[in-house]
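Below, subunit A partners subunit B and then partners subunit C, in two separate complexes.
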Partner chain A sequence: MMPISAFRIFFQTGAWAVLAFLVLPLLIVIPVSLTDTSFIGLPRDGLSLQHYENYLTDREWLSATWTSIWIGVVVASLATALGTAFSIGCWFLSNRASQIARWILIVPILVPPVVQALGFYRFWVQLGLIDTYAGVILAHTLLALPYVSISVFAALANLDRNIIRAARGLGASVWQTTLAVVTPAARPGMMTGFVFAFIVSFDEIVSVLFITVRGVTTLPKMIWEGIQENIDPTIAAVATLLVLLTLIATAIGALRRS
Partner chain B sequence: MTQITDNFRYWILIMPALAIMIIFYIYPVLGIWQISVTEPEAGFGNYVRMVDSSAVRTSFLITFRVAAITTVGCLILGYIVAYTIANFASRLTPLMLALVLLPFWVSVLIRSFSWIVLLGRSGLVNDTLRDMGFIDAPLRLMHNELGVLIAMIHVMLPFAILPMLANMRGISDTYVKAARGLGASEWTAFRSVYLPQTLPGVMSGVLLVFVLALGFYITPALLGGGRVLMISEYITYQIQEFLAWGLGSALSVALLIATALVLLIAARFVNLRSILLDRK
Partner chain C sequence: MTHQMTEPILSIRNAVKRYGSLHALDHVDLDVAAGEFLTLLGPSGSGKTTLLSAIAGFVDLDDGRITLHASDITKAPPERREFGMVFQGYALFPTMTVRDNVAFPLKVRKRAASEIADRTKECLDLVQMGGFADRMPHQLSGGQQQRVALARAMSFKPQVLLLDEPLSALDKKLRADLQWELKSLHSQLGVTFIYVTHDQEEALSMSDRIVILKDGCIQQQGAPGDLYNRPRTTFVADFLGKSNFIDADITGRHSDILHCVAKGAAFDVQTDNVDEIGNKARLALRPERLRINKPGVELLAAKVSQVSYLGERCQVIVKHEGLGDLLVSCATWQTGIKPAPGLEVSIGWDQNACVVLAAD
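Showing the complex of A and B:
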């Protein structure tokens, strides 16, 4: 075995230090959520579940959570359907026009959130979509489309075009080929895209702040308003639940990969 | 003939997504330009006010400074992590990767909230330092550029690590081995053989972080406490507090152009297509 060099020690200690910086701040919400006080801080005299109880019994928090979940599922389904069809069409064409189309579809990744929210607001006013679920779903679907189109296209990169020629040569139509040959190949990308799209919608806050008033309240909006107005430990309880959920999902993902 | 009808069918697949993107996204975003030259009155008054305003200049300066420092911070910290994951394989490597991905999937809002809890006046860092007797008065860790930078680097780090890691995983170790065999020290082999090969990954990380940081709103708004007005927050401030739609729109156009310029300049040095379009 090689002696461990200073070079290696530098990188390995450095990497663990950076990872600690990345992860530990997320975990801080756990003890804070268990505080027995009514303000943000570490538990004083003992642990308490009162803030979880508050979250789970508060109508506003629960309805915001539910709103975010169902909007997220609708957005993910719409974005996956539209984005998959789009990517498959572009993959078939593979010409200059289709590449320009792909660039157009990823524009939302690059435009600053406040700028696009401003655009949404003005147009949604004209369309009467302000403070409606349809308005939020439409905005989120647009923001999620880039992620679906990128991941579906990445999944299709390995698909052999000769298989398509074979299918067509044997008499399958474009639609039959799409459904029976291309879509199965795109499936891993569709799944990744669906998850991405759900998370984009579930976490989105800037557009929601611009295009909703009182009628639609999502979970991020509740958290945002809570932080602005008074920081109460219920936010820490919600944050803990979300962090733990992500932790479990990441662990499952890591185990499945290895 | 069949070729033409086939192409027509492919466009039927493409059109729904493309059409809603153009109608409901591209059109309204471009429409911001129109607001900037029509409100409160027709003409370029908003742009004149924008150029004349020292507050706007300060805001743009802060924006570029915060974005630049965030980018450099993410680059250095991220490089160390990516290098270790890619080059020192061990049983812990999957764990390291999972620890990079975990914060990536947690919302920016929650991560910013964690930093508020940590860095606030009576936050956990200040409380702990006081209890241990290191300080008498709380340190100002938040509501200033320091707090914004710490949280921004935290939020952006995965965006730097992931492209660098993807690039490093594709680098063959034969060149470094050859350099070592010829007598180069580990540091020399790293600096003159390995590092140059990682530049494409570094550039994609830098570009992603810088472009995202330029337009960032949530973290600076929460950690800056109104004292670190980056341009995105300045825009909402103009619109929500003063209903200055024209000026807000002019600023948005300026931010949009700044972002586009960064991308255009970057396109001369890196392959934008592989960074943005064909991301894995």
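Showing the complex of A and C:
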């Protein structure tokens, strides 16, 4: 028994250490957000909610938040629609060309974000999309597409190909088959893809910095500028709220699954 | 045979399908009569699924025509052909309940809701799945899924049902039960069945007519009894049941009786074949048409070399000096002797037991 439990202690300690390594840097924002000072640092004389109040009343912070949310939803919807159509199309064909197309669509994940952002910048200048919502939405949709198509592919991987034949033999057109039979089977993948796409857009900063100036400000951009210009602890308050929100969403997800 | 009198519901003329250099279908001609139970039988890779898929519209023929009620459907898309199809893997829609699966063909045809509900219930009751309407396909056993697939295929009242090895994934007992059900469903509905199988027993027990395929060609077709008793080629004689093959010389003919000799054994065969005297002939002799007896009683002397006991019958391999090994299958309660390896016996057969085969 002894060696086994020593083994267990070793690995459990290791696991907790890794978890702490991942989580502690995140948690440091919580005390910082409650600081009573007007610069970033740990609380000095007591705790204060003044930076939360500042966040929730400041027009610029709220508008940046709202911008990120609605851009995220639009991007997630667009990416889910396009990515699902792409994946279902490839699944229907399932030939050599569709295999290659799948790989090409996944390439953006492999390209360094800065390179991609530079690419967007050069191209968006020509298209006149610099500093527009459309430009940001388009760039984020392109970044989110691979995630949607990967999760939809995963959902369709185990679907019996004969069901297309079955549906058509029973009188359904290609279109009816896609809507009534294939899309419902892809739905779990579409939902995962939607969430992923939203997160990709909501988090994205590099491209936004390259392709926007003053016209569009998203939450990550606001935080970034906040760090650079004035070291305002409101950033910590925002970060804390985001961490809490993520925790709540994850908890709800886990509870619903069990 | 009875069905061949009527006008065919479905005709296939000169169907050709090539995959590269492989002929999956090699000039196939086939007529299907209304109400017939037609079975496509053949070994793996013989083109059964390809032929069925061509009928259903999932495979484009390289050459040839398919007509339904005398109208050309060769180029029609599958959804216009109005065939019900049952797939080997069932292919139920995984995200729909059993009820919605069966209702699907009616919904795409935009039938009235009340009609859909009635017809769906009727079909599910017909396959004894009425109590499972609200289940999802993955909550059903293989046999139950098969029944649902059948109900779905017939809910829109197609005139022809296409079935691709519908029972092959089921165990033996369940398969036998479903064979009876399918057969009675066929006579109840009066629908034409085109049934694919590689199981010869299934083909013999269910079909009005069997079409034997090999390498994309039709080898022979006919009623089960005709095919079994009058195979034309070695392939058919061997594939449909077992046969002993004997290469003999033709020595004479009396009206429709052909006299042949092989390795000292004489065979009289009834045939309308007009082979020349002096030619070779290949004969097929079914194991169950051979009699086994005490030495001296029957024509040929032989020696038992192997016995396998199968319950209601017994398979015996006997060795004859000239002819070599012969397979004899006899009802255990009928033999006067108890065959055991090494036992001296005699074997015989009736005059009409032998069949002359065409050279392959």
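What we mean here is this: the second predicted complex is superposed on the first by the 252 of 258 C-alpha atoms of A that agree within 3 Å, B and C clash if a C-alpha of one lies under 4 Å from a C-alpha of the other, contacts with A are read in each partner's own complex, and residues count from 1 in each chain.
The definition used in the following text is that a contact is a pair of C-beta atoms (placed from the backbone, for glycine too) under 8 Å apart; a residue touches a chain by one contact, two chains touch by 3 or more.
Bear in mind that the values here come from a model prediction, so they are computed numbers and not experimental data.
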item: Subunit A as common anchor, with subunit B and subunit C clashing or fitting; value: fit
item: Contacts of A:Ile163 with subunit B and subunit C, given as first, second, both or neither; value: second
item: Comparison of subunit B and subunit C by subunit A residues contacted; value: B
item: Touching partner for A:Thr246 - first (subunit B), second (subunit C), both, neither; value: first
item: Which superposed partner A:Phe120 touches (first subunit B, second subunit C, both, neither); value: first
item: Vertex subunit A, arms to subunit B and subunit C (CA centres, degrees, nearest 10); value: 90
item: Which of subunit B and subunit C A:Cys90 touches, first, second, both or neither; value: first
item: Touched partner set for A:Gln176, first subunit B, second subunit C, both or neither; value: second
item: Partner chain in contact with A:Leu26 - subunit B first, subunit C second, else both or neither; value: first
item: Nearest-approach distance, in Å, of subunit C Cα atoms to those of subunit B in the combined model; value: 6
item: Where subunit A meets both subunit C and subunit B, residue numbers; value: none
item: Contacting residues of subunit A [partner subunit C, same complex]; value: 159-160, 162-163, 165-173, 176, 180-181, 184-185, 187
item: Subunit C residues within the subunit A interface of the complex; value: 53, 56-58, 77-79, 81-85, 87-89, 91-96, 104-105, 107-109, 152-153, 156, 162
item: Touch list for subunit A against partner subunit B, complex; value: 5, 7-8, 11-12, 14-15, 18-19, 21-23, 25-26, 28-29, 32, 40-42, 82-83, 85-86, 88-90, 92-93, 98-99, 101-116, 118-120, 122-123, 138, 141-142, 145, 149-150, 153-154, 157, 174-175, 178, 199, 202-203, 205-206, 220, 223-224, 227, 231, 235-236, 239, 242-243, 246-247, 249-251, 253-254, 257-258
item: Subunit B to subunit A touching residues, read off their complex; value: 6-7, 9-14, 16-18, 20-22, 24-32, 35, 77-78, 80-81, 83-85, 87-88, 94-103, 105-111, 113-118, 120, 122, 124, 127, 154, 157-158, 186-187, 190, 211, 214-218, 222, 232-233, 235-236, 239, 248-249, 252, 255-256, 259, 263, 276-280
